[in-house]
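Per-chain numbering from 1; labels A, B, C and D assigned in written order.
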Amino acid sequence: MRIGVLTSGGDCPGLNAVIRSVVHRAVVDHGDEVIGFHDGWKGLLECDYRKLDLDAVSGILARGGTILGSSRVQPAHLRGGVERARGHVAELGLDAIIPIGGEGTLKAARLLSDAGLPIVGVPKTIDNDIAVTDVTFGFDTAVGVATEALDRLKTTAESHQRVLIVEVMGRHTGWIALHSGMAAGAHAIVVPERPFDIEELTRVVGERFSMGKKFAIVVVAEGAKPVEGTMKFDVGGKDIYGHERFAGVAQQLSIELEQRLGKEARAVILGHVQRGGTPTAYDRVLATRFGWHAVEAVHRGEFGKMTALHGTEIVMVPLAEAVETLKTVPEARYAEAQTVL
Amino acid sequence: MRIGVLTSGGDCPGLNAVIRSVVHRAVVDHGDEVIGFHDGWKGLLECDYRKLDLDAVSGILARGGTILGSSRVQPAHLRGGVERARGHVAELGLDAIIPIGGEGTLKAARLLSDAGLPIVGVPKTIDNDIAVTDVTFGFDTAVGVATEALDRLKTTAESHQRVLIVEVMGRHTGWIALHSGMAAGAHAIVVPERPFDIEELTRVVGERFSMGKKFAIVVVAEGAKPVEGTMKFDVGGKDIYGHERFAGVAQQLSIELEQRLGKEARAVILGHVQRGGTPTAYDRVLATRFGWHAVEAVHRGEFGKMTALHGTEIVMVPLAEAVETLKTVPEARYAEAQTVL
Amino acid sequence: MRIGVLTSGGDCPGLNAVIRSVVHRAVVDHGDEVIGFHDGWKGLLECDYRKLDLDAVSGILARGGTILGSSRVQPAHLRGGVERARGHVAELGLDAIIPIGGEGTLKAARLLSDAGLPIVGVPKTIDNDIAVTDVTFGFDTAVGVATEALDRLKTTAESHQRVLIVEVMGRHTGWIALHSGMAAGAHAIVVPERPFDIEELTRVVGERFSMGKKFAIVVVAEGAKPVEGTMKFDVGGKDIYGHERFAGVAQQLSIELEQRLGKEARAVILGHVQRGGTPTAYDRVLATRFGWHAVEAVHRGEFGKMTALHGTEIVMVPLAEAVETLKTVPEARYAEAQTVL
Amino acid sequence: MRIGVLTSGGDCPGLNAVIRSVVHRAVVDHGDEVIGFHDGWKGLLECDYRKLDLDAVSGILARGGTILGSSRVQPAHLRGGVERARGHVAELGLDAIIPIGGEGTLKAARLLSDAGLPIVGVPKTIDNDIAVTDVTFGFDTAVGVATEALDRLKTTAESHQRVLIVEVMGRHTGWIALHSGMAAGAHAIVVPERPFDIEELTRVVGERFSMGKKFAIVVVAEGAKPVEGTMKFDVGGKDIYGHERFAGVAQQLSIELEQRLGKEARAVILGHVQRGGTPTAYDRVLATRFGWHAVEAVHRGEFGKMTALHGTEIVMVPLAEAVETLKTVPEARYAEAQTVL
């Protein structure tokens, strides 16, 4: 068989581990040929690719990033994108395409699958927001990086007797905030799923100081917002260059809490370190299993599906289901976390 | 309510996180009182304990070990052990006991539960060998430590053109070997569930050298054994002090592979570093959730059970089921790993 | 003897290691008594302290922060500060004070020493800007944290084909930028000692892209500034709350480079993670040695000095010399780094 | 100019960083040509090499091992080795050779230099035993790895109430034991420079238990030996395969201490993890500087010397001096460490 693989969307630790696993399983065990498209869907649309043999994937298992490059190009955004993809699949004699990507990529995958192309998806997201899979690779690494930073910040907050508001990734969901906050023992966790009440937050943090504690750590997902009308909240503006610039939620919270509590408060924005670098062992194992099972699905002719983790098993779920809803933090999980406030 | 908690058996990253979570949930949210028995069941049998309030568990979330100490004492091993435990539970007015431990501890927990004591167990094992839960805390940390060591050893093996045989924990099951081996891209993984054929192993490693590769990494679980009769295998002996000493499997494999392959081979035994130190974020979250749900089970009067992870949910399973069988590595998982040889 | 110890100024990994070492050497080996003042000079001025015995310093060697707390209060800033300090030293029967701190603290130490108080200083700074010592503890940890972040960011920059501008600590000196930039293989390093020429910087980064490379990493110290007149540079302004807010150098550079290069550019500000958390082994050893030698100086009556590292030796240098000049990055070191651009 | 570079002897984190730095400085800044010999001196003797350009050293800065491979072959061991080396230098038109290696390599370098070949050495050793340089790259990483392992082992020792004897690298010198032991707060440190008195060691550890402590960590360098006649000490023997096998010092100490103290004692041998993997930021900076200055020495025609760190400066010292004596742990340093017992 001849299989094409591509990585699309934002960086995510474990992408290389999937590519390597696909090549190992397909080439070594099945005698397939594997090609890798460059820069995501762009490579498919422009027929830009290279052959992937064992040497090409040697030493990449533990490396962050993707040897194939990535982009945010989507076939549907381009005039005739689907037809062009179909043409290249035929031209290259591909029996299957394995796109590795997040929500947008999986939607594109579904579109191509509906158009009759032989697709097996592999989900990736550091945000853990893809439904129908317990988790995807990248999330564990992101949580690990954030937790390590929080561990470090705690001693500084304590020495300086400060409130630290730490902004982690998560525009639409609060999974990274929830898990890193629980893991590091944050004193408050603020997620996009639940608009925060600034007075309640002030009360929670203030209570800690009344108990004689000398610092507090608040973890906030970048997409968190206040309950409407409870707090002045900047939704953007222009900087000296005329660029639209948004003041982050952490910065705004730090100003607000400093004023309300009379305690020094500082914002820390962890940023891109959460989505790069060496994946954790957990993510490498999951990514490797996803790659292996994607190849098996190809050989079974089970198209229009993607790999998913259910408990300890890798299963195949229809792409249609995968992209229907965003997986948000349920109330029950939030309750568990509040206990550790 | 009044709840007693204890930690029993070998060290395991996340024990302190469970203790902390039990105290937070019980004391803060339910207004319970929590006491901690010292040194596992020994503390219960000798009525040796201390009160656990918020201050007692401050700052322990990320710390390895257990603030309560541990031991391998089991109630059933002591004359009148069960009766003594019952007496102390009554004397101290305890509404529940939460023992945190591995297979042996959970068996003891079941025994006490069958004898009518109000028990809610929390499983722990770095070995991942407890059935009925997808995983327990401690395993992710152990795999992470082993993987990091393997990452380091790879560059050394490569520079020195050697075969490195790395022994990881796992007397009865090969989970740590499987996951760390997959995560680090080991070239062969040897587990107790499948006695190894030394000729097959020599062939696999030898093939790598024939392909022009200059080194190989073999991960072996400490409990692995050869297929009977295929290789001289030391089952113990006396050292100069007259102590019974076993030659480890890694050391014996290194000698055997060196002779058969004509390549320098070395054994590395990772040992206790795998079971101590700061837990990963994954283990801290799981341990915290286990503690939280154990307290909830106590308040629902759901005794004779233990916490377990099913997918993303924490559920309660009967202690009776938990200790029936050891969870071993299934063939299907082993197959996935062989691909990455 | 009776010795008082205090920690003053910003957080710095290794403070606890010094405190522990002072107590071990003084109490165990010399039979001294040690007290610790709370919150830096404030504790001395307000006679707020506690006894430090072996138990008090147990388990703190590897912990970030300071068990004594810190503040930025300086004796000279308070009316009668020096006299009050002198009074408390007499009242408490102290034979020596060991202040552990940065430039400001050492200046205060010199002031008190000149006023006749028995002072032995211990320098600390993550910035590495104290002259007369090769290095102080805290710097190695800060560089390590920044380097690890840069390692992670590289894979992301590469996957996304971006320029990343990473802002590290260093208001007046570029040591952290220089070392972390060299260690991570940054493509340009911008330090406060050398105002940057935006055209030159654009040229250097642009050349990389012309060579076919797909990303670039620029490390910039927070205090870096452009050559005057070469680039619009924000020196502050008011946000929606009326707070004075400065746009960081990284953010301004990212906008400027994006426009000039036509490549996506992003700013990452590492912030406080660089100054907290577990110290590296290097910093723990240095901090321990500083503490040990400070006690020896006290016993030799060698006051008005501070500990310093010269090569592999710990020596005592006059406080007067220590605070005379800031240690900046010399041209020769910068030249070494440019090579690795 | 045309420069040959090679790496010889055991693995050491930072070798790739030196190679990369040599290439960057020589090729980019001086317009030189650089070739790399394979597998140490062997490559020079067999004229086995490849060209090293910027692409060849891309991405290797943070990678352990050496892209050139290594071996323990020495020119002097081979009949006509020196003459063969001279012949190849002439044949390849080399203006200089930069060998990177430890004591043995530097002795060979001196030999070739005395024979008139243009040599500039770069010292490497994880053991820190090369005189005339304050430190070399590799040592900081080894100490860091050992310290991290010790940090983990402490919590396990504490939970299990054990004495752990941890064997670190160091056949002839105790630098890694000293620094990792100080950094981790070991309770006793045993080095080759000072034969240990088993009674004294038993007393020190026993005192700890008398003080109510429940565990102890002893760090021992692999080359440590007891004072003659004070303890039965295994100096080798044959295993079941007829191989000569030595019982390590840690294992023997653990048996001895267990018997004398009546406390459970266990040996942990850290082994090769100390010499592989990603170098610390410290080692990367030092290695990069060494490479840069080696190229400068070549261009100044300053042969027969090697790079060395004196304080914060890189200087050139004669190879003759470098290999005269082994740098051992001086009494004064040992005294500092005993304080932290």
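Everything that follows uses one rule, which is that contacts are C-beta pairs under 8 Å (C-beta built on N, C-alpha and C of every residue); 3 or more make two chains touch, one makes a residue touch a chain.
Quick caveat: nothing in here was measured; it's all calculated off a predicted structure.
Common neighbours of chain B and chain D, by the contact definition above: there are none.
Chain centre most remote from that of chain A: D (centre = mean of CA atoms).
Between chain B and chain C the centroid-to-centroid distance comes to 41 Å (mean Cα coordinates, whole Å). Inter-chain spacing, taken between the CA centroids of chain A and chain C, is 34 Å.
With centres taken as mean Cα positions, chain D sits 30 Å from chain C.
Residue positions of chain D with contacts to 2 or more other chains are 151.
Chain contact topology: the protein chains form a single closed ring, every chain touching exactly two others.
Of all possible chain pairs, the ones that touch are A-B, A-C, B-D, C-D. Interface residues of chain B, counted against chain A in their complex, comprise 20-21, 24-25, 28-29, 61-62, 134-135, 140, 143-144, 146-148, 151, 179-180, 182-185, 280-282, 284-285, 288-289, 292, 310-312, 336, 339-340. Only residues 7, 10-11, 15, 63-66, 69-70, 145, 149, 151-161, 164, 214, 232, 234, 237, 239-241, 243, 247, 255, 266, 268-273, 275-278 of chain A touch chain C when the two sit together in their complex.
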